[in-house]
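Labels run A, B, C and D following the written order; every chain starts at residue 1.
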């Protein structure tokens, strides 16, 4: 590849550097990008296709479906927290709103589930848009508090308006009907949730590797520099907040129909914290990290259930240990290790 | 006194009772944030430890003052260990990661206490009896006065500590610029451990003071931690006085909300007010309005 | 006709008047330097011009359009771009991604297109990448195309800021101390970059302490002191101005020594 | 292979391995002398832990006792328990696990109405007997074929309280309830049955979980026109704080608590302020004070003595009693059916007559899966720091 004309003064400067990547990296970088998307998607697809072979009964499917539902939320939340650097401790509120919109519209008003889902998503989108502007003017811990407050208010409303929502004891949700058949049982839900998750991951990967995605990551790195480059940072923050809220709402709707029952716990503070922990544990700014984080933290309580009273002791220890020794999260840390290993073997 | 006024006064006193508790917990958040810019979501667990350990030590036969001393000492050690073992090694991690670590620490502490001390609620005896004190027709419990009094003393003591002692000044210096503090010969590691210890001390004291009012169990720190965090944010992070004002404001809004609007929605009302305040004052009531240097 | 016109500009922080009653004009196609001692208000002036701070008095016009109080991204759309004295690098991104953020306004930013990764997006990104590689090479960053920005040396990051600002293809480029912290050789290289940029038709406004650099490349110099205009003119005129000499050196010394002020960061 | 793909596959492998680990050996056909598997899901942690904790302790204690006595129909009992922390979603997953993975023969538990309601569709579909320890009347009304419950309903608690009030000539009452499931549900039931007792609810306040002070709500109640009694529906430490605040404000009307505070812990937490408080509860709390001829006496005294021998004086609660009743109902049904076969046990449960438990005498039928009458509730009053029978 021909070098572009360089001012004479610079060759010396460049030579001084020991950095090994040169012009040839352009092509391999393109390949790598392709494989990060393609390779990641391929392995996710592979896992989804192979996993049912290991799922012996409805309980296993239940865990797998819960992983998928959580992963959809976390992939969206990762766009907000991991890429755009804006924390939210209130996303369970949007998840719960999605769930309850589906629940109420189908149970009380006889609406079709497939109609209630987009209505919930749209409603949550509009709400998120309305609150995003004032809330996202805040930053850091103040933003954490504000989003936490939004989530709590949603949770309180859901749990108080018992005439509509059944109150703290929850309400039943009719089964979802698709093309005249009722969706019931692990396998059917597995494929529905898997397809939705794949779509979510694909959209997320697309977004990140686009001008909009770079603007989001850019405003995370330096808000003022992004503004100066022409990025309307407020607009982009609002946009990603809405996207992540809508993804949470869709997952919530699916969760409501899947579990046939909703309680305000779906929208509560600890559920929000769980989602954020999934993002961070899996690896911030890593779409596949989000999926892995959701999987690990959904599976972990199932393993730890056998430890009975010691469950929380061990869960707390695991959370602390992973975050102390892998502050970047599971996937980025393991990926870096693998890369280092590959480089060593290449030598 | 007109009945409407007595009613209002009673709401106010009720709000101050809750508010003083939130304030004391919020102060712990502010203190750690001041030194380390970490929000310690295990702060509520310090409160829980103070109460639970005092109960455990008294039921093991210790006198109340001794038990209080022991509980505070153990909680302080736990706080310092938390800094040394969990926060220090993750020094360079970003804010969210640190939050998750402290949340993990909270879960861990709750787990340990539930396994060792059980899951039951336990009361502590009130320090000065249970005879309500009447003020212009409204009443307040003596224990609430203890909470208020200690909060006030703590604020004054902290003010003095930060203004007049070398140690206090080193904490402030570390907060403003860690590198510069290090260069000036301040043992930054020690200062951070100390700030966690101090914050655990405040938490433990809060836990002991409020146990006679609300009773204590292994999960009592969850909601108190949340309210304390809200108090610290409302007042403006890193500002001791702010945390106190924030806590009292929160308590009073809740109680006026319950009294005049709807007890069902009093928590929601409180959070709406917090959101409204943050909308106009993005750094809380007393927070420094920082301008980014570019 | 002027490209940028500043009239009676002032800003107050609390009781401190950081800038007061400042007027000046910047003509297109020139290199315009703003100098002055530390705290004279140079960076503050940049922050006002680029919309980061809102002035408390006065007006600013870009191409005779009033832009006072407009936000940075709106000004970027009008052809303004800048670098920062305290580096504002997006450290979690690669060098070229930083530059591509600079190209934001020239790309397909439609949310739906990006989510669906429509061909128009990929095509645009491919072209942008090519353009940004060229740009990086032209400022001497050819060796860092895919480097993690967080791991690059200081001198390279200074160029990265310039490359990112240039990627927007601005008509007005504001550089805040591009040579600060660089050694003599590196300063000379930056110097050449600036001249080259100016020759390509971009109007450059420069805040700089390195007098040698300033005197060497500027067409016009504005001297600030305590937020006020102290002097203005060509390098020779400024060098000969007794007020400037006094401000810099007290009453002693001569103009020649202005150049030895060196790099004060 | 490129590196990211490799990493991805590595993680994928890990994920599969992790899920695979949860797969237990496929259940071979079970022999008749294999243990009977008793599944249980309780809120051992979380805000309802004071329900789940004694429930689990009781189940463990009595299952061991049954096993030591030679088991049930010669088969040992094997307890499989999961902690729901009161979360309905967790409850669902764990009940699926109990049904599908652990292949239990019966499910005991659900400390709260919410967790119970969430799993009803599952057990109904799986056709496994399910005995809940939760209070909500909606669990058994309408009747579901496989679902039974042991505690008195919140509706019965309201009825018992209002009945007592009528005896005292009280008409105008104020309600203060917790915002949790228990308080909210009982509040609703009380509102519904009040007109039947000519009771007028003149004030209606609530408090949240973890609230530290309810003076504001009680002040409002105090200033409401003509309140003759206050009813508090809630569990946990909340009612203790209500009681203390009630005393602080110097109310001169009676305070009624619910069966949600039916353990000595409440008196300990509320202290002197609890003097004179009335509540409907099972006879278990006043075991020793029952007349010698009371048929319930041996049952409740036996349980109280055994439980407190292990967990200390005053530790017994009616909540643990509900668990005991559930286990014993199951035992009775299995013995009657002569097998642990689900359908047979279900039928046997439905035809239980005159079973004496800690909650009272249980007589089930096809349209009553609770089997307790209002008489099973006793009205208690706290005097000198102890329970006393009012009637």
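The definition used in the following text is that a residue touches a chain if its C-beta (ideal position, glycine included) is under 8 Å from a C-beta of that chain, and two chains touch if they have at least 3 such contacts.
From a predicted model like this one, the values you see are computed outputs, not experimental measurements.
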Shortest contact path, subunit A to subunit C, counted in steps: 1
Pair joined by more contacting C-beta pairs (A-D or B-D): A-D
Rounded Å distance, subunit C centre to subunit D centre (Cα mean): 71
Mean-CA-position distance for subunit D and subunit B (Å): 34
Between subunit B and subunit C, centroid-to-centroid distance (C-alpha), Å: 47
Subunit A: positions in contact with at least two other chains: 160, 224, 309, 311-312
Residues of subunit D whose C-beta touches two or more other chains: 44-45, 179
Sequence positions of subunit C contacting 2 or more other chains: 52, 84, 88
Footprint of subunit B on subunit A - complex, ascending: 81, 87, 134-135, 137-142, 144-146, 148-150, 152-153, 156-157, 160, 224, 269, 273, 276-277, 279-281, 284, 309-320, 323-325, 327
Residues of subunit B defined as touching subunit A within the complex: 33, 39, 86, 89-90, 92-97, 99-101, 103-112, 114-115, 226, 229-230, 233, 237, 264-265, 267-268, 271-272, 274-275, 278-279, 282-284, 292, 294
Partner subunit D, residues of subunit B touching it in the complex: 3, 7, 10-11, 13-15, 17-18, 21, 114, 118-123, 130, 132, 139, 141, 210, 213-215, 217, 219-220, 222-224, 251, 254-256, 258-259, 263-264, 266-267
Subunit D residues touching subunit A - in the complex, by the definition given at the top: 2-12, 15-16, 18-24, 26, 44-45, 81-83, 86-90, 92-94, 96-97, 99-101, 112-114, 117-118, 121, 136, 138, 179-181, 184-185, 188
Residue numbers on subunit A that touch subunit C, as the complex places them: 3-7, 9-10, 12-14, 17, 19, 21-23, 25-26, 29, 203, 206-207, 209-215, 217-218, 220-222, 224-233, 239, 285
